[in-house]
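Take a look at the structure set out below.
The first chain written gets the first letter, and so on, giving A, B, C and D; residue counts start at 1 in each chain.
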Amino acid sequence: MPTPRSRFLGRGESGDDAAGGTAAPMDVSADKQRINRRMFLKITGWGSFFITMGVFLAGTLRFLFPRVLFEQPPTFKIGVPGDFFSGGPDLQDGHIRVYEQWKKEHAVWIVREGRRLYAMYAKCTHLGCTPNWFPEERIFKCPCHGSRFYSNGVNFAGPAPRPLDRFGIFLAGDGRITVDKSRIYRFRDFDKQGAYLEV
Amino acid sequence: MSRKKSLWKRVRRSQVWRSVFRHDYTDTRRNRILQIRSNIFLHIHPARIPSHAGRIRFTWCMGGITFFLFIVEVITGILLMFYYRPVIEYAYQDMKYLRFDVPFGIILRNIHRWAAHLMIATVMLHMLRVFLTGSYKPPREFNWVVGVNLLVVTFLLSFTGYLLPWDQLAYWAITVGANMIRATPFIGHEGPFALVDRYHDIRFMLLGGTEIGANALLRFYVLHVIVLPLAAAVLVGVHFWRIRKDGGISRPL
Amino acid sequence: MKLRPAHLVSIAVLCPVLLVVTIWAMYAEHDRPWMHYGREFREIEYRLTGNPGVRSRDVNIRQLWLRQLGITDRCITCHEGADRPQFIRQAQPFRTHSGDYLKKHPVEKFGCVVCHEGQGPALTVEAAHGEEGNWPRPLLRGRFAESSCGRCHFMEQGLPLSAELPGAAEFSYGWRLFREYNCTGCHKLSGYRRPEHIGPPLTSIGGKVGRNWLIRWLKDPRAVFPGTRMPAFRLSDEEAGYVADYLMTGRGRPRAAPALIKKGLFSDRAVIKEGEGLFVSLGCTGCHAVNGRGSAFAPDLSDTGGKVRPEWLLRWLENPRAVDPNTRMPDLKLTSGEIQAISAYLMTLKRASGHVSPPAVEEKEPPPAKNIERGGRIVRDLGCTGCHEIGKPGFQHIAPPLDNIGDKRPDELFFGDMTGIEKDLTTWLKIKVMAPGRFSTDKAAAVMPDYGFNDRQARALATFLLGMKERSVPPPYRKALLDPERIEMRGRAVFEKYNCAGCHRLGGEGGGIAPALDREAEKSRPEWLFAFLKRPYKIRPGPILRARMPDFNLPDEDAAALTEYLSYIAGEPFPFDPEPKRQVYAEDVRDGEKLYRAVFACIACHSLNGTGGRIGPDHTDLASRLKRPWVEKWLKNPLSVRPGVRMPVFKFRDWEFEALTDYLMTLGQYRFVEIKRAD
Amino acid sequence: MGEYQDRYEFPDLKFNVQRGKKRDNRMEKGEKKDMFVWPDLVVMEFLTAVALTIILIVWALLVNAPLLEVANPGISENPSKAPWYFVGLQELLVYFDPWIAGVMIPSIIIICLMMIPYVDVNPRGSGRYAFSLRKFALINFNIGFLMWLLLILTGYFLRGPDWQLYWPWESWTVVKKVEDNLWSPDPATGLTGLALYFGLGMIIPRLVSRDFYRKCGPARYTIVMLSILLMYFVPIKIFLRLAFNIRYVLVTPWFNI
C-alpha cells in the first residue's frame, strides 16, 4: 500500500496520482513540508531537464536553417539609370525597349516602357516554360503551348492566363538599379510601388 | 485544479495511454522489475544487480560513459553530415561554413571532436578497470575479446574522422599513419618481404591511390560514417548481450 | 518509485546546471560580433538618412559567392557601407571604399579578397582579416593592397616604363623599379624576359678605365656616381682587387683612327671651348648630365676625365657601336674635328676629389693567374652577367626565382640573426631590397647586393613582389591591354628606350633641341617616317640647326612601332595614307614649276637636287616626305602651323596655289624605297 | 512479488561446480546486497549522462576544435603529430623501423590483449580489486599500460620541431642537434644478444618458479613469456639507443630490428 509520501513518486509530473482517490488526506504538517520540498526539487530537476530537451530540439531545428546560401542572390544590379534612359524622343509613352542580356543568368528581361523600367520574369504564366523574344515581330512566344505576349508582357494569344509576372525593381543606395527576385508582382499589382522604376 | 486532475486521470486511464505504458507506478518491487523488463532501452539491464556493481568506485562508470559518448557521437555526427561534403574542394570550406555560419555548427563540431577524444580515453580506462578487477576471467573471456575489438574500432573511428576536416593537421597526421602501413611485412610495398608493388599493397587499398587524395577522403568518410559505426554498434550489442549472458557484471568469487 | 533524496537533490542540481549551460550555448550562438556591427550600422544609417525604416531591416550575413573565382566573401556583412558614398566620413568598418576603385571593379563581380586578401568566409574580426593561425594570407593593409592589381593587370607586355596603372601608383612604381634595376638579371620571374644587358660590356673594360678606378667603383659605386643603378656588393679590398684583375684581362685596346690622335689636343683651350659648345648644341645633354645639368638617361659625364682613357673616348665618339654593338648611344655622325673637340672637353671633366686620369699606357706586370681566377669566380657568383656582358661566364639566373614569392610563409624566410622586427613577408621583402646585408650571418652571407633603395622605393618594390602569387584569376578577369592602347604603349616604350624625349617634345614634355612630334604624322608620310627613322639624313642643308637627328640603328619593329605611335597620337591613318588620287595635268605642273622657280622664287631659300638656297628645308624628295593636305595647309598660312616660322605668307591666287601644290607633289616621288637600307 | 525475485538467478557456471559451496554462500550474500536497477541505477546513469553533457558543452564552448590551414601536400607541418592516442606509436618510430613501430607492435599488442583471458590461468581475483592475488598479471599489465601512457606523454608534450626532444620550458626556436652518431652491432653479435635475451628469458622463470610452469603448461607458458619478453624488449631497445646510440640490434638484408 502506498504511503502518503509516495503519492508524488514516479513520472516526475506534478500530478502523478497513482493511488487514485483512495489515499488518505494529508494531515501531518512535517510530511507536508517534506512533500513540498520533494515537489520543489522534482519540479526544478525535471522541469529544467525537459526545458533543456526542448531547447536542444529547437537548436537542432535551427541548425537545419543555415544563415547564408550558396545560391544566386535574389537581388542583382543591372546598372545606373543612365544606361537605360538616355533622354531624347524615345522616352515618350508607348515606346518599348527590351533588354535581353540578363535573361540567361537571371531569367529576367529588363523592359523600358516610356519613362518606366520594369523587370519581367522570363517564365510563361501558363505552365512555366521560358518564352523567347522575337525582336523583329516585337512579341514574346512561348515554345511549349504557343502563348504570345506583347513586348510589355501582356498576353494576347495562346493559353497563358495573364501577362508575364514582374520582379521588384528599385534604386539602391549606391545609385544603381537593383532587381529583387524575391518579390513578384502579378498583373493587378503592376502599378504598385516597387514593380517599376520611373524616371 | 481538480478538473485538471481528473482530466489527467482520464488520460492515464485511456486505452491509448495504457497501450503504451502497461503498468502503473506504485512503488512495488514488481513494478520496479516490470519497468526494466518492459522497456526496450532499459532492458539491457537486469532487473536487479549486485549492489557493488552500482558503485562508481567499482566500475568507474567507464563502460556506460563510453556508450553514452558513442551515442553523442552518433547524434552530432549525423547532424554534421548535413553540412559536410567529403570532396577535396569542399571539405575544408564546409568546416569554415560550420565554423562561421551554420547556427550551432561550431559547437556541434566541437562536441563531436572532444567527445571523440574523450571516448578514446574512457575506453582505455574501461579496459584498465576490467583488467584490474580481473573481470575477463572465465566465463567472460570472449567478452574481453569483443571489448578489445571495440577498442580497435574506437581507435579507427577516431582516426578516420581525423582526416575529414582536410586541414594540415588532418593531412599530415594521416600521411604519417598511412606511411606506417606501407611498411607492413608481406602486404606493404616497403615492408620486409614485400610481395606487392605500391599499386597493389594494403596502403593503396586503404587510400584508393598512392597518396592521400580525393579517394582517400571518400574512403575515410565511408569508413567513418557507415562501416565502423555499424561495426561498433554490432560489437556493442554483442558486448552488452554477453554481459548479461555471462552472469552480469563480474563479482567477487 | 521513490527516488533517494541524494539522487533527487543531484537531479535538482545537475539539470538546472545543464539548462544554464545550454542557455549559455544559445547565447554564444546568438551573440556573434557581426550582429553588433549590423545593428550599429543601422543606427548610423538612420542618423544619416533619417529614414526610420532602415532600423528595422534584418541583420543578416551578406555573402558574395563568386563561382568563377572560387571566392566566398562575407566582408560586406560588417563593411556594409563600402559601396555607399554617404558613409565616407564614418569610421571603419562602415566607411565607404576609398577612391573610385569600385566603379571599375563592382563588388558583385570582384568581391573583396581578390584585392585585399584576408579570409572571406570568416565573420569575426580577427579571423576575417586573416590574422588567425589557420589562414596564410592576412589582410593587405594600406597601400600593400595594390600588390593584388598585378593578378589581373599584367604589366609585362613590353610596356614603357612610364606606364601607369591608375590608382595603383605604388604598384606601378614598384614594377618600374623592378624593370629599371633589372631584377630579372639575377631572379627568374615567369612572364618576364631577361632584358638586354643594362650595364656596359666588360669584355674590353681594361681598355676603357684603369684598375684603380675600377676598384673604387666596385667598392662603392654610389660614392663615384650617386645616381648609378650599379649596386654595392659589399666586397672586401682583396675581393675588389681580384675582380678588377679579372676584368682588366678583357682589355681589347681601342683603336681610334690615327688621324684623330693629335699631340697637345687635350690641352688646347680653344678646342676645349669649342667642344663645350658642341656638347650643348649637338644635344648631348638630352641624355647625359654634366655637373648636374642635363638628363640622367645615360651615364653622368662629370667625371669622364677621371674615369676613361682618352683614346677610348675618341674611338667611342667615332663609332659607339664598334665598341659596344648593343649600346643605345646613337651614331651622331660627327666630323673628326667635332670628335676631337668633344673628347678634349670631356677629358677636362673631373671630380673635385682630383684623382688622376688613368695613364694612356697600361700598368706593368700582369697580376698572378690565381687572382684572376678568384676574380672570375666572384664575378660568376655575384651574377655580374645579369647586367653586363663579360664573355666567358655565360648567363644564368643566380638568385632564387621570384614566382610565388608573395605566397611565402614567414617560416620559409631566412631572417638571419635579426631580432626586434615583425617576422612577416612584407617586412622581410622591404629589408631584403633595402639592406640585404642585414640578413647575413656568420654562416650564411646574403649574396644580393645593396641598391641603396630608400624606404619609399623599398615599399614600392615590396608591394610589387607581394603580388607574385600562384593563385591566378580566370580569364574573364584578366585585363589585356586593348589594341589602341597597345599601339600607344609600344610606341611609348620605344620612345623611352631611345630617349627621344631628350631632344623632341611630345605631349608637352621633352627637350626643345629638335622639333616637337605631336603633329608630325599629320605632316609626314608614314613610309617616309619609317625610312627616316631607320636612316636619318639632314633635311635642312643650312646651318640653322647644329643638332641633327642621330642614327640610332633602330631595328625594324622599333621603327615601325614609333611610326605607328606617331600616327596614332596625331590621329592619322596607318600604315598608308589613302589620299585620293588626283588628276594632275602636265601644264599645271609646268605652271607650278614656273611659279616655284621664278614667280615666287622658292628656290631662293629651298634647294632642289643640290641647287638653290640653304635656308629652308630641302625639297628634293618633298612628295615622298610630306602629305598633301599638310602641304596645302602650310602654303596657305605657315604661321598657323608653326608660329614664328621664317617662311613668309604668300597671297596665292587659287590657280597658283593649285599649280604650285601639284608641282611640289611631283618632287621625288617615293624615294624612300631606295633609301631603305641603302648602304 | 516472489515470482519475480526468483527469476533473478545466475547462469549455470560450470567452472564453479567444484566450488559449489562458495557459490551458494555467494548467492546468499549476493541476494542481500542486490539492488534494483529501477530507479537507483538508472538514475545514476542519468546523472552521469547529464554531468557528461554539461562537461562536453562547457568544453565545446570554451575550446574550439583545432582547424589548421587547408591541407597542402607541399608544406609539412613541423612537427606533424599524429592524434594523441597514436603519438605513442609515432614516438616508437624514433627507435624502430616503421614496420615494427607502426605495424608489428600495435598488432602484437592487440593480439596479446585478446589472448590475456586464455593464458591467465589464475582463477583468483575475479571481480574485485585484489592486487595480492594477481601480482604477476597486474604488475606486467600495468607496466605495459604505463609505458603506453609515457610514450604518449613524451610524444605529445616533449617533442618539438624535427621531432627533437624539448622540455616544456625550452623554446622551440632553439635548433637541436640531430643525433648522427648511431651505430649497429654486426649481425652475429646482434643475433647472439637477441638469442640470449629470449633464450634466458624463456628458461630462467621456468627454473625459478616451477609451479608457474606447471600451472600454465608448455603452450601457455611459451605465449605468456614471449609476449612479456617482447613487451620489455621495447624499453630495452629505447634504453640501448639512448645510452649507447645503438641504431639496430640486429641488421639483416631483409629487415632491421
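The rule is simple: contacts are C-beta pairs under 8 Å (C-beta built on N, C-alpha and C of every residue); 3 or more make two chains touch, one makes a residue touch a chain.
Computed from a predicted structure; not experimentally measured.
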item: Intersection of the contact lists for subunit A and subunit D; value: B, C
item: A-C or A-B - the one linked by more C-beta pairs in contact; value: A-C
item: Euclidean distance of C-alpha centroids - subunit A vs subunit B, Å; value: 40
item: Between subunit C and subunit A, distance of the C-alpha-averaged centres to the nearest whole Å; value: 57
item: Distance between chain centroids, defined by C-alpha means - subunit B, subunit C (Å); value: 67
item: Distance between chain centroids, defined by C-alpha means - subunit B, subunit D (Å); value: 21
item: Two or more partner chains touched - positions in subunit A; value: 6, 9-10, 49, 59, 67-68
item: Multi-partner residues of subunit B (at least 2 other chains); value: 25, 27, 32, 35, 97, 101, 103-104, 107, 167
item: Per-residue overlap in subunit C, given as positions that touch at least 2 other chains; value: 1-3, 11, 14-15, 18, 22, 25, 28-29, 61, 72, 74, 134
item: In contact (per the touch rule at the top): chain pairs; value: A-B, A-C, B-C, B-D, C-D
item: List of subunit A residues in touch with subunit C within their complex; value: 5-6, 9-10, 38, 40-42, 44-49, 51-52, 55-56, 59, 67-71, 73, 76-77, 173-175
item: Subunit D-facing residues of subunit C, complex; value: 1-4, 7, 10-11, 14-15, 17-18, 21-22, 24-25, 28, 133-136, 409, 411
item: Residues of subunit C defined as touching subunit B within the complex; value: 1-2, 25, 28-29, 61, 72, 74, 119, 121-124, 127, 134
item: Subunit C-facing residues of subunit B, complex; value: 25, 27, 31-32, 35, 93, 96-97, 100-101, 103-104, 107, 167
item: Interface residues, subunit B side, partner subunit D - complex; value: 28-30, 32-33, 35-36, 42, 45-52, 54, 56, 61, 64-65, 68-69, 72, 88, 92, 95, 99, 106-107, 109-115, 117-118, 120, 124, 127-128, 131-141, 144-145, 148-149, 151-152, 155, 158-159, 162, 165-173, 175-177, 179-185, 188, 190-193, 211-212, 245-247, 249-253
